[in-house]
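The structure is given below, and queries will be raised subsequently.
We call the chains A, B, C and D, going by the order they appear; numbering starts again at 1 in every chain.
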């Protein structure tokens, strides 16, 4: 499942919603990304997250389908927020469901690597003085 | 933080409790282990999880401290349940908090590998006919 | 043909999108020439090859041909996650 | 000296723990001899070296000496997580 939304998510509920469908799942790995107070040695006030929504959904769906196939996942969920996000707010949730843990660990890393590289989101960090558009590095 | 308990845990609450202390955390990785419906081709009815509690706390604390040091984590939480657990119930929660994601991914894997190898918990699987004590393999 | 701009590209073009109704560029290279003419501040970024192009929601890495009903997006390296 | 048994070891000894008040074994090897005598079904497992020993909550991999106030735990390979 792919969700692109402004509002926050509840990790417990998001995981339960999918886990309840599968009794063969033994391992669930999740990644949550947060807005940090300091980045590149600058005090962050908040961030503005811009998205090319139609393309982001398409890219995330491709990454999800690839991860499910490559790592034999039972299911996979990606939630990505956009809009204004303050320090300590959540940005993204990736959850992988598999029978055994190694598949989900690898899949979750795989998804984050491609998400950071290919999915059309852009972060603008607003500092107490000025702002910067960010660029993901490897 | 290490918790060994009979009762279930709420993932949202457990993560929030620690995350609220740190504004420098950008990445949170969690592992949740569940009781599966079928193991070694047998239909599982429920499991009985036995623990040598005092030693388990000591071993988990050592693994946690090693992981924090080795992977430069901001913090780390391990919750492990014991007693009777039914199919779909949660067994264990490991959460790693770090500035960047790769540290927490590696740390979470590291903790699970050592937990499965060294921490004195034992699972007895009860089937519709008979039961087996399990043994973790690599 | 619809051209969409994102992140700091939008700050240069001063618009989120524009429609090219007639005489649209035939391929990506022709589009780049039009962009450089209309937005001189984009030239160095286009020359440095840092921008990414998507045609109808798919990345393109070649000088692909363009059609009148295409949606083309131009954006800097992404920074989600 | 307190000896604790876990998982299927407990099924063999039929007790969770026992206290050895006097003439306690001086080291792990002596303890194994006592165990084999008291619980013949443990012998093959002790001989196959599959069991794990902990003294005062720490794993021991050698023939460590034992003291009268030690807590010794004997258990099969773990299966938590």
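In the analysis below, a residue touches a chain if its C-beta (ideal position, glycine included) is under 8 Å from a C-beta of that chain, and two chains touch if they have at least 3 such contacts.
As the structure is a computational prediction, the values presented were derived from the model and not from experiment.
S.K.: From the C-alpha centres, identify the chain that is farthest from chain A.
M.R.: D
S.K.: Which integer distance in Å separates the CA centroid of chain C from that of chain D?
M.R.: 73
S.K.: In angstrom, rounded to a whole number, how far apart do the mean CA points of chain A and chain B lie?
M.R.: Spacing between the chain centres: roughly 23 Å.
S.K.: Taking the mean of the C-alpha atoms as each chain's centre, how many Å separate chain B from chain C?
M.R.: Measuring from centre to centre gives 48 Å for this pair.
S.K.: What whole-Å value do you get for the distance between chain B and chain D if each is reduced to the mean of its CA atoms?
M.R.: 26
S.K.: Of all the residues in chain A, which ones touch at least 2 other chains?
M.R.: 33, 112
S.K.: Indicate the residues of chain D shared as contacts by at least two other chains.
M.R.: Nothing qualifies.
S.K.: Go through the chains and record each pair that touches.
M.R.: Every pair of chains in contact is listed here: A-B, A-C, B-D.
S.K.: In the complex formed with chain A, which residues of chain B make contact?
M.R.: Per the stated touch rule, the residues are 10-13, 15, 19-20, 23-38, 87-88, 99, 101-102, 105, 108-109, 112.
S.K.: For the complex, give me every residue of chain D touching chain B.
M.R.: 4, 6-8, 54, 57-59, 73, 75-81
S.K.: Could you please specify the touching residues of chain B with respect to chain D in the complex?
M.R.: Result: residues 33, 49-52, 54-56, 58, 80, 91-92, 112, 115-124, 133-136 of chain B touch chain D.
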